[in-house]
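Letters are used for the chains, namely A, B, C and D, taken in the order the chains are written, and counting of residues starts over at 1 for each.
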Amino acid sequence: MSHRIKAFLALLTVALPLTAFSQDTLTLPAPPQEVQAFDTPNDNGHSIAIRWKLSADDGAGANSVTMYEILRAESPEGEFVSRGVVAAGTSTYDDRGDKNTNRPNYFPSGTNFYYKIRAKAGELSSDSEVAGPASAKGQWYHTGKTVVLIFMGIFMIFVLIFIRQAQKGKELYVRPIGGIAAVDEAIGRATEMGRPILYVMGLGAPNDIASIASYTILSRIAKKTAEYQTPILVPCNDPIMMSIAQETVRTAYLDAGRPDAYKEENIYFVTSMQFAYVAAVNGIMLREKTATNFYLGKFFAESLILAETGSIAGSIQISGTDEVAQIPFFVAATDYTLIGEELYAASAYLGREPLLLGTLKAQDWAKGLIMVLLIGGALAATLHWDFFVKLFSVKV
Amino acid sequence: MPPLGDLIWTTLAAFLTFCIFSFLYKDNPFYKFAEHLVVGVSAGYFTMLLYFEGFIPKVFVPIFKEGKLYYFIPAILGVLMWTRFSKKWAWISRYPIAIYIGIGTGVAIPLEMQTKVVQQLRASMTAISFNGSAGLNNLLVVLGVFCALVYFFFSKEHKGLFGGVAKFGIWILMIGFGTGFGLTVMGRVSLLIDRVKFLAETWWPMFKAFVGAVL
Amino acid sequence: MAFYEKLMGLDRRWVYLSVGIAVLIPFFIPFDVPVYTTPEVKAVYDFVESLKEGEVLFLAIDYDPNAMAELHPTARVIMRQAFSQNVKLVISALSQNGPGMAEQLISEISKEFGKKSGIDYCYLGYKPYPGITILAMGQDFRIPFPSDYYGVPLDSMPMMRRIKNYDDVKAVIDVTGTNAIDFWLVNANARYKVKLAAAVTGVMAADYYPYLQSGQLFGLLSGLKGASEYEVLANQKGFAFSGMRIQTIAHIVVILFIVIGNIGFFISRTQRKK
Amino acid sequence: MRQQLPLTIIFVIGVFMALQYFVPHQSSEFIYEYALDWVIIIGVFAMALGLWSLFLVHFAKIQKKSAGWGYSTIAILGLVYMLIAGALWGIEEGSPFMKIFWYIYTPIQATMFALLAFYIASAAYRAFRVRNILSTILLSAALLLMLRLIPIGPLSGPIQDIDRWILGVPNLAAKRAIIIGVGLGIVATAIKVVLGIERSYLGKD
């Protein structure tokens, strides 16, 4: 058969199913019902929430609806513009936009808008009635985060109670933590061997709370090294951490009555990049032969490199981090590890000031409350008291 | 014959790779060379990154291009940090540091309370039952979290029943640490595989071709 | 120093040397290591193996170049297996910067098996909103993809004449590092009852075992390990197998040293008790 | 006065930023983004202190010709080159600046990272001894997870299921307890800083 006829036949066979194909969708899909448009709660005032009832032909009936298109206009009869598309089976949409005027998808706050939803089945579609007017408004309080505010309030009350108790001189028992008890012995060892102490504040940001905890511990350890006359090396990963470490150690030496023994050149900036910093600290450990290494703060993958190099150099190593993924490596490769929360308790243990011990007691009470809520919540979930469980979900 | 430029740079990269690996044997001049080189290079790199992607978009553009004069305030605070260059005026740097720390801690209180405490607590509130694997697993998770939290109590001595529960808690923690360790071995080995692949499949053929061509 | 003390206190550098050798040797001496194939991988292999000539399989390559290291081997071995049995393939790439990478793989393997676009396979390419695209394909592939990746209309493709939607494909295998798999589960498997299997990154795998137990997925490959098992089943030992082989040897070395260390430790404790 | 004012600043800013978290309004969003810019800008300016300290340390070694002064010159040269190259030819792809990044920094960084494969083996060898209950549990959990990759024939099936259970139950419980503990520790420490109970980092004179 000549080429042209074969092509014609091929076209014919293709066309047939197509005509048959378009036959059964001539009937329009049922339009979505009860469209509502209202200001999205708990937002910055630049979005409107739209809800509707699914079209009768979505998931049932002709089951032909594949998607819904959200259309918006400035007035009921005005020109409708498409604002977004959602898959069938979805009945909500947040029409959101940018807050500053010069951005392309700027969404004005406070202006009235009208919405309608178009149910689409292939090329055919049908529109719902127009809903509106609705205007976007910014809220001043995020109701979804109330549970966080309550938790913060309770925690604050515990702190204030136990601080006042501590100020009244109430004796407070604190269970021993291996790593902290070993600090004096570790510094003593460095003094005997006449070798320096290495203090690494971690690779977190200067205002990471783990870094702040590390400054408070450094201040107490520096006081001891001032008394023991042992040099302390603090290679820093960030200029601001360097400045804070210099202030902390200088003040510790001042408090210990030995301001002249403070050497600012021992607290210096190495570099900001993770593995270049680790390469340098490895060099310090082996060349300065530090007797005791402290790794306290936020650590990432480099934790094991520091810990293994330190143990090659034969130093006593006390580590502590709140990075859950790195604790296993410190536990395996260093002599003592402060696990997660113990890093934050260390400064209270070392300082023993009543205010700090008071906050520690508050932490324990908060933990007790959480354990009660934990058991209560599990029981509530089992008995399907979903209202109780829902109390603790945060709607961001 | 590979392009000379590529060959030199790739060989340099391979040489530096060997310098770092030599640290496994012991600290040596090659490692010291690579270490100091990367310290200098990385400090320079980060500084220029801070300049082009920190100073220009956050200070120069807002103030001089967009006329947002209120961006002068953080810039002045930044300059105040330079008072640390002199011993006499170093105390002034306490103010930018105070603001720096204040913003960090203020943001952390609600954020960490939500993500680490409330949401983890909410995630543990699952239906527990004694039959059916899902229910039983949920029960064991809730008990595990309970006992591990008991271990973290500071102001109560680990004695008697309380001590027993705490002991069970540290066992759970140790299982978690062992799991964390065991899971990570594969990831770390693949890092080494990539380095050896670079040497064996990128550098070596290129180097061999060059040596062959020259000889 | 007694023998057992040596075992306990080996110089670290022996450990480093052994790890180095364990990783280096396989690069030069190819040798096989038995791979245990898990049932969830075998289920996918057996299914593709059971497909007869002319039957159609939907292969969704829904990942970006950054997940390539873990997922490309799976896409490659499944595609080669299907083509070697003259099974026809409909291929999608529903992740933003994945289409170019997927196209390279398709052209490489189709050239290898002499397969033609439009006759042996149809590469649909990328459309935004994976949820809507997967749902619309349940009605008709032509709704989201009137023409394929190269701009050829589906209606003019001999292969696509009898293929309208999921009812005309034997199964969908989604290779992804993103949440596209959730859309396949809800919009394809649940709504149109199409048989679905998934190949995901190692990190994601743990979350998708429940779907395996519930039967929503008939098979599951997890990261490079799943790919290496599949390569062994299809005896196309490639990238995944060689990678996993080194991992296996390295893990054996680590475990050996743990055992050695403990043997030395046990003997020294019994000695001390005497 | 020098001590009191910074503490009040921290208290005011700390409380304000903590409460701002609960205000979704556009102006609160603006202040949040503006405050984060402050943190970045102060950090950018502080880098000068870092470079100065780096320069002092290495320059002192070079001047006094103390041990390793040759290496310090390399560090200074590396630093100066990157500063000049970045300033003159920019930091886009293909610039000499990025050439150094791809062929000097990246190989060293990747190889330092790869050292972990060796160190994880030696740490396992040294630490995983059946000394006491805790180290035995640590060792067995790690072993069970590592066995996933070892072809031990019929045993592999049960190993996979045990691992899935360990990951899903005890490991999950341990991680959740630590995270909740850390969360409380962070909030407590942050409150101590905001209330001025923890103030050693500010220094005294």
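List of remarks:
Rule of thumb we're sticking to: a residue touches a chain if its C-beta (ideal position, glycine included) is under 8 Å from a C-beta of that chain, and two chains touch if they have at least 3 such contacts.
Only a predicted model underlies this, so the values are computations on that prediction, with no experimental measurement involved.
Looking at which of A-D and A-C shares more C-beta pairs in contact, the answer is the pair A-D.
We define each chain's centre as the mean of its Cα atoms; on that basis chain A and chain D are separated by 15 Å.
Averaged Cα coordinates give chain C a centre that lies 33 Å from the centre of chain D.
Our note on geometry: chain B versus chain D, Cα centroid distance of 4 Å, whole angstroms.
Residue positions of chain D touching 2 or more other chains, listed in rising order: 18, 21-22, 39, 42-43, 46-51, 54, 68, 105, 108-109, 112-113, 115-118, 120, 122, 124, 126, 128, 138-139, 143, 146, 149, 167-168, 175, 178-182, 184, 186-187, 190-191, 193, 201-203, 205. Of all residues in chain C, those that touch two or more other chains are 12, 16, 19-20, 23, 247, 250-251, 254. Annotation for chain B: residues touching 2 or more other chains are 20, 23-24, 32, 34-36, 38-39, 41-43, 45-46, 81, 84, 94, 97, 100-101, 103-105, 108-110, 112-113, 117, 121, 124, 142, 145, 149, 152, 173, 176-178, 180-181, 184-186, 189, 192. The touch graph of the protein chains shown is complete. By the touch criterion given at the top, residues 18, 21-29, 39, 42-43, 46-51, 53-54, 56-57, 60, 68, 105, 108-109, 112-113, 115-116, 119-120, 122-124, 126-128, 138, 175, 178-182, 184-193, 195, 197-198, 200-205 of chain D touch chain A in their complex.
Listing the residues of chain C that touch chain B in their complex gives 13, 16, 19-20, 23-24, 27-28, 202, 243, 246-247, 250-251, 254. In the complex of the two chains, the chain C residues touching chain D come out as 8, 10, 12, 15-16, 18-20, 23, 33-36, 38-39, 206, 209, 225, 244, 247-248, 250-255, 257-258, 260-262, 265-266.
Of all the residues in chain D, the ones that touch chain C in their complex are 117-118, 120-122, 124-126, 128-131, 139, 143, 146-153, 156-157, 160, 164, 167-168. Partner chain A is touched in their complex by these residues of chain C: 12, 129, 131-132, 135-136, 138-140, 143, 155-156, 158, 161, 164, 187, 191.
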